[in-house]
Amino acid sequence: MNIVFRNTPRAPAAVVAGFAEFGVATVHEAQGRTGLLAPYMRPIFSGNRICGSAVTVSVAPCDNWMIHVAVEQCRPGDIMVVAPTSASDAGYFGELLGQSLHAHGVKGLVIDAGCRDIRELKELGFPVWSRCVYAQGTVKETLGSVNTPVVCAGALVNPGDIIVADDDGVCVVPRLEAAATIEKCGAREQKEAKVRARLRAGELGLDIYDMRKRLAERGLVYQDAPSEK
Amino acid sequence: MNIVFRNTPRAPAAVVAGFAEFGVATVHEAQGRTGLLAPYMRPIFSGNRICGSAVTVSVAPCDNWMIHVAVEQCRPGDIMVVAPTSASDAGYFGELLGQSLHAHGVKGLVIDAGCRDIRELKELGFPVWSRCVYAQGTVKETLGSVNTPVVCAGALVNPGDIIVADDDGVCVVPRLEAAATIEKCGAREQKEAKVRARLRAGELGLDIYDMRKRLAERGLVYQDAPSEK
Amino acid sequence: MNIVFRNTPRAPAAVVAGFAEFGVATVHEAQGRTGLLAPYMRPIFSGNRICGSAVTVSVAPCDNWMIHVAVEQCRPGDIMVVAPTSASDAGYFGELLGQSLHAHGVKGLVIDAGCRDIRELKELGFPVWSRCVYAQGTVKETLGSVNTPVVCAGALVNPGDIIVADDDGVCVVPRLEAAATIEKCGAREQKEAKVRARLRAGELGLDIYDMRKRLAERGLVYQDAPSEK
Amino acid sequence: MNIVFRNTPRAPAAVVAGFAEFGVATVHEAQGRTGLLAPYMRPIFSGNRICGSAVTVSVAPCDNWMIHVAVEQCRPGDIMVVAPTSASDAGYFGELLGQSLHAHGVKGLVIDAGCRDIRELKELGFPVWSRCVYAQGTVKETLGSVNTPVVCAGALVNPGDIIVADDDGVCVVPRLEAAATIEKCGAREQKEAKVRARLRAGELGLDIYDMRKRLAERGLVYQDAPSEK
Amino acid sequence: MNIVFRNTPRAPAAVVAGFAEFGVATVHEAQGRTGLLAPYMRPIFSGNRICGSAVTVSVAPCDNWMIHVAVEQCRPGDIMVVAPTSASDAGYFGELLGQSLHAHGVKGLVIDAGCRDIRELKELGFPVWSRCVYAQGTVKETLGSVNTPVVCAGALVNPGDIIVADDDGVCVVPRLEAAATIEKCGAREQKEAKVRARLRAGELGLDIYDMRKRLAERGLVYQDAPSEK
Amino acid sequence: MNIVFRNTPRAPAAVVAGFAEFGVATVHEAQGRTGLLAPYMRPIFSGNRICGSAVTVSVAPCDNWMIHVAVEQCRPGDIMVVAPTSASDAGYFGELLGQSLHAHGVKGLVIDAGCRDIRELKELGFPVWSRCVYAQGTVKETLGSVNTPVVCAGALVNPGDIIVADDDGVCVVPRLEAAATIEKCGAREQKEAKVRARLRAGELGLDIYDMRKRLAERGLVYQDAPSEK
């Protein structure tokens, strides 16, 4: 059955906003190294860092009909997540849909397929993370679903999950774990700030992390390189 | 037999120039979703949009001899299209050949192989769409042909066909259909301009394209998300 | 046995510095078309050209422990080269390690695996050439080696070899051939400078390289395109 | 948290057995074209068709520790499904683990990573569907989970879901939809049997499926090929 | 415009039959190293060698409607060649269509997309060369064309061209060059038979092909390996 | 400089023969998980297990001239290892060269490029591990080297190293470590034989390897699946 779920729950705006200062690597680490989409998901232009609640869209191969349907279910601050039911490079998304999402306050798009109108989307300032850039058109013949769970680029995304995306890629945070994850992100950043200061001063990770003893126990051998004649 | 065809017909300059205002996605759509080269063809630097008549070059694997031969057959405004007879990542093309084509008024290069001297070609302002960036050198031992039909990145290109290339990729337009395609591009752009204005104003594609009835007929179900306890 | 070689020989500073003016394509050609790493090795941000002595690091799959160990073996001007013993996309390297290498004067990193914290590394100005961008974290459980010979992206790299990297990719020069290679690079550049001037003036490679006779001997046929009715 | 769920529910044996006569393509179609794992999942030797209840295993990159843990949770007739948390080609599974699973009545393995000891597993008659064949060893250092939901080769698999695998690949059926899916498979097979008989007799699909009118409405043109002079 | 060309010319049956004794490598070489489809085109089961006249089918992405249309245009001895207008892994072809083509005397299928029902097609003895094996279903919504020129896996195929396929892959021979190519194949095979006999007797290619002098002229150096202490 | 080293040292015949009973996975493990070639190296037909001394061949892209040169340097029991200086899918090797190597007692070929004449090589019983199957012909224009160190599919191979290849892939053993590696292989097999017997009897790896305590220490939680209503 093809279904559009309306009014799916989202995390409180304050929680979503809490991710604004954290990058994908931090969030991924903070939640136990889970949630990353595959590394082939790349931004169509660099320099963006966004977070928001997922509106999920399951689309048929080479058919972007349900993206039009899904726009109506988006709220300002959301991020649209599109997953075809079969792998496709086709260009499901271009500037006109970008204008539409932009007009509804959507922050960006994550699509496990192709995107087109790169120049225009960049001018519009609408960020997209996609599998590839390809101008191949799609049809509007087959139904899909909106706001059902989807597997996007190898990661399970439920509607209302938090999406964090930057130049490192895309990470998904389960909605009900969002608040706890933000705390862990903050703790991690604080810890890293101290380490960063020491590393900048030239201290070695070997000493900061106290690795020497464990390396020796494992049997690491240090030796001067053989002299040359 | 290896052959160089001279004075292959080109579309009238006014027709070629007519493509200047249209992007790859528009041209691809206007001619019935045909003509795209494979999505792995990417610009070596972004921000270019060019159109011109194809000078086609069929080269042996890892052998760029015929590119030198083909320069002589180029006219100002042309675009060179190079296709190896067997897939190769080798760097057939670099800055010196870029200087040569630039000096003869060639607008750019489309090559289903590697390109090198990226920094220098960017400084020169000579755009290239290639399969990859790779410095691997090539030899000059085996003949090929110039201005014969080639298959480049999955698309058939005849000499004199119109090439349109931008950040979305590369599209080829058969020479004799060029004028008709421009008209269709214009019509498409006009139609899109109206839709764009409405989408920017927040109207939904669902309403603009009158999709709701057809979606219902196909059986799309709308439902509020189950409430959470 | 896992080993860290200390004080591995490096080429004299003046020799290393001699590569500063040459790009990857030139160096690759000058040493007989050898030394290139695979074309999938791309810079995480463009516009850099670096050269330096290799500190090699052999790491276990998804384990970046030895990178920490290797920092201590680096000297100002070195370039770190990391090769996993089994192919991996994981993000072995991020901003903190970048800070550490930067503090020790290391010029850049070449890693046949993933890199993360792209934005921060770009802000820091620390260039990386990697197989991919991916935030996936790694562990610190298994030993590897430092300054042993490694195969990185298909190329053999010995500690102390010269690494040259720019937007075209990465090339390795055996340490003991470095001085001779610089001479060949210079000779090649001088020759190219002359050819460049002639090509810019519109002369054809066909004439500059005196190719016409050899093409004819091989049987290349020139013919006017058939006229159209 | 790393967890092993014991005694996860399975579909009744009679229901699981009901899939024995249906292939992957039939099951995929019967449940609305869902459930397929990515096409890179190939059998290590051909000629098998198995079905069973999934025991899911989430493993760390290049670490097969949890496969040992999962064996204990398997029951006769089950199929083990292994998904690394980061893509890997490493050989997580070989003959010894095959012997172990075989001894516990497990029907086969589906693993989104590498497999080794192909010859021995074939002699044992233990079928495996894997991403690749690779002898690269793995470690036993990092925990994972057993019988939690996993994404395997792009498909969501819950413990107790039905796995169907044959030379066409792998398909997953949600446990609670298994009975209904069998019915649909049966209906589909009956319908196909009739069509098969007619096709074998030389009738055209055009006529059996009554396509001619719809083709004409869509504008398909039939025309004799131009005669040649 | 979508069109079905009927009664496209084929080479005389005697000419087509003339290819029966030659493999793909021989044919490819005989016609000047042209005509090969990409190496990703693999047989779904090995041991077949077929030749026949191409019936070409251009299909929309993930839409196999036109294959049904094309069956009617096939004659005994033909080979169907299917090319999607956009790259796709979907399973356009399975056992039922195999039964239909088999009933009409078609010798095999070449498809630049996915195939399914591998086991059944093998039992039927209907050979297929495809991009991949994948059970993903397709729709019947969008028109394509039959017996127009197509680009299939990087090779231009015109209706009536000769297709030769075996375990090495697929090669296409332009119809009007078919007779001449057979002659060249025969000459090549005769020449190879003599060389084969000499090689089997232990003679070296170096001597048979008289390579030693040319190698020396090019500067090849022979040297005993350095002795080991 | 292009060079052919004659009479490169090989391991004693008895040592080479010692590998006959061990598979690729065992050898790879025994030498500390090193020496594997990339997983894309696959046998052109299955069921072979060979070992022998490497004769290495460095060839130019799409040029198989040096393979002819290398035949003369082969001795009965050797295995030829071919590595192009730039990645290539071309079919460097076919039945005639197979006849030649077979006549000289060479056991098989490992080539990081394409192979052709699959059917004939299978009939001849000459095993090949290659990157792909492709009929694309190569030229004989550019020199390479024989019996110099090469990087083949990511692994460094020196002349005289031991090559072990079977359905799992290909592994290289440094010549001077060959004898020691055989001992380790034997020890490993003995240990595995005992484990195999216990696993076949249904014992768990958890108990055989005494893993339960360490799993608990790391924090693995066991829990019954939640009951369903």
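For clarity, chains are labelled A, B, C, D, E and F in written order, and residue numbers in each chain start from 1.
Note that in this section a residue touches a chain if its C-beta (ideal position, glycine included) is under 8 Å from a C-beta of that chain, and two chains touch if they have at least 3 such contacts.
What you see is a predicted model; the values in this text were computed from it and never measured.
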{"item": "Chains touching both chain E and chain F, listed by label", "value": "B, D"}
{"item": "Copy pair chain D, chain E: interface residue numbering same or different (half cut)", "value": "different"}
{"item": "Between B-E and B-F, the pair with more C-beta contacts", "value": "B-F"}
{"item": "Inter-centroid spacing, chain B versus chain A (mean Cα positions, whole Å)", "value": "30"}
{"item": "Chain A and chain F: spacing of chain centres that average the CA atoms, whole Å", "value": "39"}
{"item": "In chain E, residues with contacts to at least two other chains", "value": "33, 36, 86-87, 89, 136"}
{"item": "Set of all touching chain pairs, with the criterion as stated earlier", "value": "A-B, A-C, A-D, A-E, B-C, B-E, B-F, C-D, C-F, D-E, D-F, E-F"}
{"item": "Touch list for chain E against partner chain B, complex", "value": "33-34, 36, 38, 85-87, 149, 151, 154-156"}
{"item": "Chain D residues within the chain C interface of the complex", "value": "60-62, 86-90, 136, 138-139, 141-142"}
{"item": "Contacting residues of chain F [partner chain D, same complex]", "value": "23-25, 28-29, 33, 36, 39, 42, 46-47, 49, 166-169, 171, 192, 195-196, 199-202, 204-206, 209, 211, 215, 218-225, 228"}
{"item": "Of all residues in chain F, those that touch chain E in their complex", "value": "1-9, 65, 68-69, 71-72, 89, 91, 94-97, 99-100, 102-104, 114, 116-120, 132-137, 140, 143, 147, 159"}
